[in-house]
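Each in structure tokens, the structures are laid out below.
In the two complexes that follow, chain A is the common piece, with chain B as its partner first and chain C second.
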Partner chain A sequence: MARHFAKRALWSAISLFALVVAVFFMSRMTGSPADLYLPLDAPTEMRVQFEHLHGFDRPVYEQFFSFLGDLLRFDFGMSLRQGLPAIDLVLQALPTTLLLAFYSITIALVVAVVTGALAAWRPNSIFDRIATVLSLIGASLPNFWVAIIGVIVFAVTLRWVPTSGTGSVAQWVLPIAVLALRPAGLIVQVARSSMISVLSSAYVKTARAKGAPSRRILFVHALRNGMLPVITVAGDQAAGIINGAVIVETIFGFPGVGKLMIDSINYRDFAVIQAGVMVTAIAIFLMNVLIDLAYLGLDPRTREEMV
Partner chain B sequence: MSDMTLESQHSQPIAQRRIGLVFMLRQDPFAFAAVVVLVLFALLAVLGPTLLGDIATSMNLRARNAPPFELERGFWYLLGADALGRPILARVILATRTTLLIAGAAVLLSMVVGSVLGLIAGYRGGFLGDAILRLTDIVMSFPSLLLALVVLYVFDPAITNVIIVLAITRVPIYLRTVRAEVMEIRSRMFVTSARVTGAGPVRLIGKHILPMVFPTIVTIMTLDFAFVMLAEASLSFLGLGVQAPNVTWGVMVAEGRNYLSSAWWLSFWPGLAIALVTMSLNLVSNWVRMVIDPVQRWRLEGKGEK
Partner chain C sequence: MKKMIRMTGASILALAAMWPALGAAQDTALTIALPAEPANIDGCNTTVTGIGVIVKENIVETLTTISPEDGSIQPRLATEWEDIGDGKYRVSLREGVTFHDGTPFDAEAVAFSIERLQSQEISCLDRTKIAGIEITTDIIDEHTIEIGAAPAQVLMPTLFSFIGVVSPNTPTDALSRSPVGTGPFAFEAWNADGVHVARYDGYWGEAPQVSEATYVFRGESALRAAMVEIGEADIAHDIAPQDAVNPDIDIPFLNGETTRMRIVMLPPLDDIRVREALNLAFDREALLGTILSDRAQIATQFILPNINGHNPDLEPWPYDPARAQQLLDEARADGVPVDREIRLVGRIGFFPNQEEVLQAIQQMWAAVGFSVRLEMMESADWLRLVNRPYPADREAMLIQEQHDNNNGDAAFTMRFRYHTDGQQSEMNNAEVDRLIDTAEQSVGEERTLAFQEANRIIADEVIPAVPMYHMVSYMRVGSSISYEPNVLSLIQLELADITFN
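Showing the complex of A and B:
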């Protein structure tokens, strides 16, 4: 098992490195940041001085190697826009995004698994049909559109919640609801079909025959096996939820990593873009490890495969 | 015994099978409605720009942000007008072609590239197969929207670049599915016997393996079309997708963002168009999966036989 994790970690390290190289060279191809930060009529000496100060006048490979050296110390350089270390800005924004993602995926999972299980209990019942249609709608709607409608209805018209910011609990409601909608829709579909097949298996019939209560059969006996495909899909959705976070943070003015990245891209802030990419990639790698561990806990067969 | 069934399947006229499909579609009202919606939007994409190009781009400053459901300015102002007084209904129709074209091209490109790489990885296996698989891990381990944003910032967001970026983020889906299926099919008896009788790799893949994988690829494509449409809309919404004068539904939603509190209809209608198409695609793909899956097919083949 240790070997399995070592192998995974090695491949992830290679992936991370490839990402860094790609992002470094791409961001250097956008042209000189001097054009962006200095006034249009800035004299040439000022431009030269600016580029020299930030090291943009050295050959690209030299910039890359000094960047790699700094990388090992988690030093991504200073943010050009804010004059602070880039990694600090990213780490400052990270908790907001992680909390947003955590609440959304947890709420999506709980709501969707319960709905999916109840729908699977009596396939083709009224509840099942309503759940299927609603989950399909949830999985299909564009999240920025849902966010905009949410703002119009709940913030502008009804004035139940503020339009942006993170100060109060009310400000978290809309973003979390918008972000949870799509994963919830997808997970209901997976949970339903997985539970239908588990509920028709022999051991569930045995449990029913010996007179176990329905609630216990559904949520204790069947759910444990029915959860496996759900966790795979939930894991795939976790990277997707970062995509969604970029949009939701932009619309609701949340000071998270997504908004920071968009702002940095708009201001050509190399250092912050790279720090953001690295931190996001590491976060996703850690989450994949957690999903692997969840699998180990739920399905003993995978333990043998991984040895 | 197997001869009998083979023959009876074979002798069934193609026309009759087609009628069977249409019949099964009529049995499922949701799937039927979804197909109608998709056909309608496809027609709009083909005809719209030729018929409405002038109406959709003519500005009318007296109709700036005109509210919907007022017919005194004419039929095209039914859904209101945007900040430059252009009728929204006509603009939504005009944008259909670009929106569907980008999504369609990205889906086709990622399907071809992903399937070819998946075939190679699954058929050859070994180090090459492993390396290809790991390459997709890199793409998959990172949020596709951030990746696309960074790439589109560096290269200018022309339509071809948007298509290529969207395709790159979707290649892993086809690659992994095709690879897994090919590895399973490759070890089956009929492939082995074809190999023993002297079929080369080209013939093996083209005649024996590919036809078996194809239904799965088609199912993924319908689902992925919806996904790519949403991704394109998100990019355009963030300002790094297609640029003016080209217009997609995502661009229209983004344009309306500044007028949210005063003119909701600017963003609402194009978003509704996106939602309608993605929902229809999901419904159709669910239906296709049921048709392909023999275990569930009985649900569609006539109601009396339950």
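Showing the complex of A and C:
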């Protein structure tokens, strides 16, 4: 098993390296930060001075090798925008995003698994149909739209929660709800279909024949096997929540990695983009390890495959 | 039980007693919602939109300021100035002024700020405004300083309005995120909630009504507007026309920006009849009140009417598609390749509904026989097209541009855009060059007339552009306060101008 994780770590390190190289060159292909940082009518002399000051006038390969050298010391360089070490900015913003992602995916998972399992208990019942339609809507609505509508309905019309910002618990409600909606919708679909197939399997029929109570059959016998595809999709969604966080954090003014990345991309703050991509990639790698471990716990068959 | 009632009664009374005090404290604290978080709020970046709106004349004051009404120069930290020849001005500084860190404001501080502004160690964006000019200082006494410019500048008092004076304790090797100036508000903190400032008790001028302000950053216009609607914020800056639905609190104002399409005068656009046809076939009235605010003004030139050198005698282009078609036919008969496809290049993000505006104009041109292809670009790509040196294989095209001259004088527009050696000029007209050269070296009426004549020749005889509109922005101002936006409000929003109803 240790070998399995070592192999996985090696592959991840290779893809991380490829990612870093790609991000380095692709971000620089967008042009010079001087274009965005200086006013449109800045004279050429100022652009030249700006590029020299920040080392963008050096050949790209030279910039790349000094970047690699620094990277070995986990030094991503200074943020162009804020004049602070890029990695510090990312690590400062990371807990907010991780918490946001954690709450969203946990809420999505609990709500969706219960809903999906209940829907699967009696396929085509009224409950199942409502759950299916609502989950389809949830999975298909774009985040930015839900966010704005959420503000109009819950903050402006009903005045239940603040529109945006951080500081109070109430300010987390809308962002979490918006972020949870899409994964919840998808997981309901997956949980429902997976549970339907598990519920029709022989061992569930045996349990029924034995006279086990329905609740026990559904949430103990069936759910354990039904969870495997759910974990895969939930893991995927948890990794993808960073995409949603970009939009949600920007709209709600949340100081997380998503907002930091967008601001950095808008200003071509290369150092922060690179640090952000690296840290996010490592987080996703760790999440994949966690998913593997969850599989191990849930399905003994995977243990043999991994050994 | 009795005791409980008594206690409850007492707490209600206590709360009631505290209420007015609480109310007063809350009433004079403001929250202002801005569209984007700036990179820094340094006192040498006061002319940059997202920075100046927080810093300029609130935290950091300049030597002079420009009046938003008539563009005239008003004293601020400089009380008097006198041209003593040789490019030098003798400037008297206000007395009894201190920085927020307690340092006295004096000639040393001005010299320090000017040196820092020109430093090669940091990229002060206000340097854009003094590009190609070297500014030197000579301290005469504590409150008198001689400021010289090489080459000599006729508009020296205007240049003083770009010089933000910061405390001599400001770092010289990095842009500041915690500026220290002499303004009515002192910087307090910049954290995840936003930028906080508080009234400075040692301010030399009249104490403002606002006691403290928080600037929060929300990219979504609808959300900024909602924040004011429910009282989370007092001012929502720059909201989109579709969110400005309540005329009582949504105030439109000319924002100082002018849009146009620059014409790259290569075949077929090298023929003046074709350029006239472009202007005649564009129904400028049709877009007002439909996809653009009805308060936008049709522009005849690239500067606003309050700018010295604006020519008031120029008439907007009439909408005359028949004449446009006739001109095109004439040109075609003379062998001008008028059927060739022309690129119309827009830059993303100038103003709301921009692409719709360009599509509408594209259709109007198609109706008279032009073939125009619309391309929207990111600013980096767009910049490669607008700045010299131009690529050698350039073709005829139209480039959408937006320009804000908020500095009171046409000089900040004319050479750059119209002189043969202007960085973004398409022109090569000896008479316009001569007029710009003359105007730049003159003062008073001679200056005004020379710029006005240059603008007439440009609009009537050269036609290097399709003038469009002087643009408006909307500001949502909460009903508990009064604030009248002006042409400078996008880059300079003085908290001291805000009063409570």
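Following the convention adopted for this analysis, the second predicted complex is superposed on the first by the 287 of 307 C-alpha atoms of A that agree within 3 Å, B and C clash if a C-alpha of one lies under 4 Å from a C-alpha of the other, contacts with A are read in each partner's own complex, and residues count from 1 in each chain.
The working rule: a residue touches a chain if its C-beta (ideal position, glycine included) is under 8 Å from a C-beta of that chain, and two chains touch if they have at least 3 such contacts.
Every value quoted in this text rests on a predicted model; they were computed, and no experiment measured them.
Enquirer: Kindly classify A:D75 by the partners it touches after superposition: chain B alone (first), chain C alone (second), both, or neither?
Expert: neither
Enquirer: In the superposed arrangement, does A:D57 touch chain B (first), chain C (second), both or neither?
Expert: It touches nothing on chain B or chain C.
Enquirer: Quick one: classify A:D292 as touching chain B (first), chain C (second), both or neither.
Expert: neither
Enquirer: Could you say whether A:T250 touches chain B, chain C, both of them, or neither, answering first, second, both or neither?
Expert: After superposing on A, A:T250 lies in contact with both chain B and chain C.
Enquirer: Between chain B (first) and chain C (second), which, if any, makes contact with A:Y267: first, second, both or neither?
Expert: In the superposition, A:Y267 touches chain C alone.
Enquirer: Give one of first, second, both or neither to describe whether A:D88 is in contact with chain B, with chain C, with both, or with none.
Expert: A:D88 sits against neither chain B nor chain C.
Enquirer: Applying the touch criterion given at the start, work out whether A:I148 contacts chain B, chain C, both or neither, answering first, second, both or neither.
Expert: In the superposition, A:I148 contacts both chain B and chain C.
Enquirer: Just checking: does A:V23 make contact with chain B only, chain C only, both, or neither of them? Give me first, second, both or neither.
Expert: So A:V23 only meets chain B here.
Enquirer: Once the complexes are superposed, what residues of chain A are shared between the chain B interface and the chain C interface?
Expert: Correct list for chain A: 30, 148, 151-152, 156, 250.
Enquirer: Enumerate the contact residues on chain A facing chain C in the complex.
Expert: Residue list for chain A touching chain C: 30-32, 35-46, 49-50, 53, 80-83, 147-148, 151-152, 155-156, 159, 162-167, 250-253, 255, 263, 267.
Enquirer: For chain B, which residues count as touching chain A in their complex?
Expert: Touch residues, chain B against chain A: 30, 134, 137-138, 140-146, 149-151, 153-154, 226, 230, 233-234, 237-238, 240, 250, 253, 256-257, 260-261, 264, 267-268, 271-272, 274-275, 278-279, 281-283, 286.
Enquirer: Contact residues on chain A for chain B in the complex?
Expert: Residues 11-12, 14-15, 18-19, 23, 26-27, 29-30, 133, 136-137, 139-145, 148-149, 151-152, 156, 239-240, 242-243, 246-247, 250, 258, 261-262, 265, 273, 276-277, 280-281, 284-285, 288.
Enquirer: Using the touch definition up top, name the residues of chain C that touch chain A in the complex.
Expert: On the chain C side, the touching residues are 37, 39-40, 47-48, 120-123, 125, 127-128, 131-132, 174-175, 177, 192-193, 216-220, 222-223, 226-227, 229-230, 232, 378-381, 383, 386-387, 416, 423-424.
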